[in-house]
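Everything below concerns the one structure shown next.
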Amino acid sequence: DFLNAMTEIIPAFGVSEEELETCTPGGIIPYSPHIAAILKEGKLYVEQVRQSEKTPLVSVLLHGPPGAGKTALAASIAKLSAFPFVKLLSPESMVGYNESQKVSHISKVFSDAYKSPLSIVVIDNIERILDWVPIGPRFSNSVLQTILVLLRKTPPKGRRLLILCTSTERTVLQQMDVLNAFDAEIAVPNVTGFEQLAHVLKETGAFPSQEQQKAMNELQQNLAGASDLSVGIKKILLGIETARQDEDSAGRFAEVITRAVQFQ
Amino acid sequence: DFLNAMTEIIPAFGVSEEELETCTPGGIIPYSPHIAAILKEGKLYVEQVRQSEKTPLVSVLLHGPPGAGKTALAASIAKLSAFPFVKLLSPESMVGYNESQKVSHISKVFSDAYKSPLSIVVIDNIERILDWVPIGPRFSNSVLQTILVLLRKTPPKGRRLLILCTSTERTVLQQMDVLNAFDAEIAVPNVTGFEQLAHVLKETGAFPSQEQQKAMNELQQNLAGASDLSVGIKKILLGIETARQDEDSAGRFAEVITRAVQFQ
Amino acid sequence: DFLNAMTEIIPAFGVSEEELETCTPGGIIPYSPHIAAILKEGKLYVEQVRQSEKTPLVSVLLHGPPGAGKTALAASIAKLSAFPFVKLLSPESMVGYNESQKVSHISKVFSDAYKSPLSIVVIDNIERILDWVPIGPRFSNSVLQTILVLLRKTPPKGRRLLILCTSTERTVLQQMDVLNAFDAEIAVPNVTGFEQLAHVLKETGAFPSQEQQKAMNELQQNLAGASDLSVGIKKILLGIETARQDEDSAGRFAEVITRAVQFQ
Amino acid sequence: DFLNAMTEIIPAFGVSEEELETCTPGGIIPYSPHIAAILKEGKLYVEQVRQSEKTPLVSVLLHGPPGAGKTALAASIAKLSAFPFVKLLSPESMVGYNESQKVSHISKVFSDAYKSPLSIVVIDNIERILDWVPIGPRFSNSVLQTILVLLRKTPPKGRRLLILCTSTERTVLQQMDVLNAFDAEIAVPNVTGFEQLAHVLKETGAFPSQEQQKAMNELQQNLAGASDLSVGIKKILLGIETARQDEDSAGRFAEVITRAVQFQ
Amino acid sequence: DFLNAMTEIIPAFGVSEEELETCTPGGIIPYSPHIAAILKEGKLYVEQVRQSEKTPLVSVLLHGPPGAGKTALAASIAKLSAFPFVKLLSPESMVGYNESQKVSHISKVFSDAYKSPLSIVVIDNIERILDWVPIGPRFSNSVLQTILVLLRKTPPKGRRLLILCTSTERTVLQQMDVLNAFDAEIAVPNVTGFEQLAHVLKETGAFPSQEQQKAMNELQQNLAGASDLSVGIKKILLGIETARQDEDSAGRFAEVITRAVQFQ
Amino acid sequence: DFLNAMTEIIPAFGVSEEELETCTPGGIIPYSPHIAAILKEGKLYVEQVRQSEKTPLVSVLLHGPPGAGKTALAASIAKLSAFPFVKLLSPESMVGYNESQKVSHISKVFSDAYKSPLSIVVIDNIERILDWVPIGPRFSNSVLQTILVLLRKTPPKGRRLLILCTSTERTVLQQMDVLNAFDAEIAVPNVTGFEQLAHVLKETGAFPSQEQQKAMNELQQNLAGASDLSVGIKKILLGIETARQDEDSAGRFAEVITRAVQFQ
């Protein structure tokens, strides 16, 4: 069927550049020094895997609030590595799979990775892969256990593997004893404060500078009493597109961001 | 069998105008300025999907009390879009399906949508599709996870999709982390206050004006001490039809509305 | 096997008069003005379905204490309608069915109903159909969800349906969000007070008038300090039959009713 | 296999006298006037079923402490009825059955009963048939629901059925809403007080009268400070047999009864 | 496979002397008068089954702390009976069985037992047969219910059966209502106090008398402030073997016992 | 498939030296006298199994914090035994197995072990083999029960078995009643205090001595106010490799260890 057809056109080996591209539709805007620091730390682990014989496996968790840019940054690190095998293991690629199909698919991705001398597996949005829901709570324990073991399983001789995992649910992972299975963690923050927001707006060139000023003013008024502004880069980019459809773009943008801030 | 037969006569592609019509048996009565505002906001998202290249997917939740008109308004927005593909994904179309059949059906509707350049999927009454029941609580996690992923899954290149979802259970969706998956929310209110109610009655022409006055008077007496009147438009339209069968139509109408208000 | 054999002799279409008769082995004794009022309200909904084009579906819940006469009254309303299709959906007709067989059976009954221009489906003792048990609590969610959807599903064009449902567990239905799915509710009360009880005894002609007096006296003594007498009509009729086997019929009847009252 | 073989030699129709006999290995000792009263009340329901046209189904629960004689008394009532069909539905006859096999077996027993004009079904030790365990608690809901419906299902025209059910767990049945499904209840008490115990001992002729006196004395000493003696008849008869193997029969008997009393 | 192969070499009928022998690798050391008393009480029940016609089934529970000698004593009683059929029903004989395989195996053992005029079934370590785990708690209810019924099921005419069951979890059995199903209980105590321990050491001849004195002294020092010494005989015998491998046998023995006592 | 292929190349009998080697990629650094003591105690149990006829089965638990070196030490003890059969039973060897496949695999490993006169089975990371997760908590009870029985099952005549099990979850094992099933326990500690850490660094020769000093100084500053330093040897060795990729190796090492200490 459709889903299978879609996955089949992606080669089992090698890198699907295109797939990685779709993870950064808004590019990587350097709105804060953190962004460079994250990319640099990512590179460190890439080099450790490439060069250290004693650590053929390194696993890293990128965690942060919804829409902070975790997937885009993990994809960027993977792409920059130029490793011969890079694979994105995402919930979207397993829609409609039952527990045992998920376990098989995940095992397959790793056994594919073990065939290349240098590999990266990006486990995107791990809580969704685990079918996590806070009511209960419920999740797939067989998928969880499979991932827990694969996060620690030494690749065969001569093979090296970097695992990059993204999640909004660090606390949940801690409760599940998954945190312990990672060798390192990278925190991905929200866009924070009016200055960073302005930086993003300017970089996108979304609004003429007068419009931008109007939007910022209106937003500052709306959020007067409120605590610090903090929004995911993803929400900001979406809000810009919605605002463009409105006659009053600046007003609509201010409203979208206001709602986003107030909901947190 | 019967259910399958019924679904088969609806084309997999294209729009079933008739199906959308059945969602507004009572039309759209403009009993308050909110109604126009909702339709306008709906149009905004339709335009964003039609025009913005950067947001090929927009998902919107219409929430509000039972019978407030959520399904009718979502269907109206969809119909007005004139998109080539519009599909109603409703619990009624999945009666007797088990969990995996539901997951297949839902995946199929979305993969059909991905084949049209501009599509709308209306997920009607999502809590019923999830087999939600507050005792326990219980629900189908595999259906939930499927929808959670599809609400975020970018359509293939060149395809654009608007998702409209209706629900009476906003709080439940929040507890399930589903709210986060929507790009925007629209609140659909009850008919509120005697004036709006009178507006509805007049518009329907259900009662001769003297009868209407009698019904309103009786209702005002019944609800004397009570707080503000607030009833779903659906209940009002049903109450009119019941009242018509009674010798004392005005009295029966007042009683039906009184019970509805008191039960809340 | 036996159960299937039994259901097969009942025609899928049309009305099984005999089946409805077995619901009123003790007739309908007009021991209080409530009885007439209930039958009249039932008739109102029958007429709404028959005549209003705008409400092709009306669903009504008859609720009350065990043995109050809910099933007998629902069956009477159905019989008096003279609709061409009347079907009793009862737990007895699904003994030994598993969850999915129940869902199939229920769906089948409704799809049969949709083939007649005017239909009534009586869902008898819904808590038993749901396999409800307070310990846990446990119940069949797939059966519940099927009924929840069918209670709201508009019949096809030109078809009209009245659903009459009986239950002793109104509170449970409320907790399950089933109450919301009904368009109307009818409360069926117990036989209340000595006068109504005497009315029933007289109407049945069970005891010679002296015996009846003796039974009533003894009962009044037994229940001296107790609060108001309140018993289901079904228990009273059963008690009469037990008492007839005893040498001391009056004494035995008084004892049976006393126990019934004290257990509540 | 063995279990099936064993059940097959018992005729599906008719009465297995032998099976009923095995329920009263110790006979029925009239150690208290309660015993006669219970048998008389049992006869009353037998006659109601035999004679009243209006109550073709009567269901009775015999409840009491472990070993009080519930099964023996139910079997006696059934045997004395001389009904053409009497069937013992016991946990022993369903060892190793899974839930659906139990449901089938139970349904079969009742459909067999419906073929005879006058039938009795003894449901022995219902909590065991339900796989009840207090930890959890856990039980088979599908078996429970089957029995709940069969306890209320009117036999076909011209057939009459008496259901006798035994249980030590009246409170559990109440929590499961099973109590409501019975038309009547009979309480079966323990042997209570030294006098009744002496009556039993004498009737069995187990000990020479001097030995009996010695046993009673020793027992009275053991239980000095304790509250009233209360033991099941079954435990007493077992204790007699154990004591007979001991050199000091009287002492051993006193000890067995002492432990039994103290454990309660 | 392996497990099946192993069970097949044991005859379905008759006694596997060898199997019983393996239950007493350390013999039965009469370190306290309790030991003789337990064996005597066991013999009493053996005789009751052999001789009393009225009690063709007797079931006895041997309970006590881990390693107290329950299995060894049950096996000894069984062996001394010289009954023609003796079967050990142990968790070890059901490794890897699923619930229904366990139920079948258990039923088979009992139906085999019913074919011999005099039989003993030893149910060893019942909590393990039940898959009991305190977390949850969880256990196999179908196995539990099977055993609950078999503990009470009268053997066919002319057959007599003694059931000996061992357990460390008397409280759990009580919570599961299993205790009630036993006709008698025997408590198996730990080795208690230094004197009994010395008795055991001497009997085994494990240490030269000077070494033994040294071990006892060291132990008394270790446990100075502690409450009474109390250890299972099994642990003591194991500790002796471990100690023998150490240069400082006495010191190692004292340490092993100290740890054992302190952990309780 | 891949996983099966991988396990098949390992002989069912005999010792896979290579597999044991992969458990000690960092060797065994004698950074504290505890290390020698653990190896000596391990040897004691090896000798008990080899020499004592009365204890053909000895089971030992090695427990301690994550990365303390449990697996490496268990593998070392096993390798030093020079037993003809040594098998590593690890979660990695059962990736993607369902519960019954795990049970089969585990049973198979033990039945293989029973075929050799002297065997060792290392059960590595038992909580992972049990699919343990603290949320719920959830785990595979059928795997747990299998292991619980195998930990106590006497090998056939002439066969001797040492079981070495590793775990970070001693408390969980206690709650599951698994602790009781072990004959002995060995605690494996973290690297504790700056001196032991310096010992490790020096032994690895990772940094030139000046660099090492700089790293230690920086670390001491970072942890100033903090309580005692305590880190797993595994984390230290990994940190060294990460640090080597950084320009500022000493600083990076200090940071990695600081984070590790602070997270505990």
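The letters A, B, C, D, E and F name the chains in turn, as written, and every chain counts its residues from 1.
The rule is simple: contacts are C-beta pairs under 8 Å (C-beta built on N, C-alpha and C of every residue); 3 or more make two chains touch, one makes a residue touch a chain.
These numbers were taken from a predicted model, which means no experiment stands behind them.
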| item | value |
| --- | --- |
| Partner chains that subunit D and subunit E have in common | none |
| Far-end chain from subunit F, centres as C-alpha averages | C |
| Euclidean distance of C-alpha centroids - subunit A vs subunit F, Å | 33 |
| Subunit A-subunit E separation of Cα centroids, rounded to whole Å | 57 |
| Overlap residues in subunit A, where contacts from two or more other chains coincide | none |
| Graph class of chain-chain contacts, one of line, ring, star, complete, other | ring |
| Order around the closed ring of chains, commencing at subunit C, then subunit D | C, D, E, F, A, B |
| For the subunit B and subunit C complex, residues of the former touching the latter | 1-3, 6, 22, 25-26, 66, 91-92, 95-96, 98, 128, 131, 133-135, 138, 237-238, 241-242, 244-246 |
| Residues of subunit F that touch subunit E when the two form their complex | 44-45, 47-48, 51-52, 54-55, 58, 100, 103-104, 107-108, 111, 114, 137, 139, 141-142, 144-146, 148-150, 152-154, 156, 175-177, 180, 183-184 |
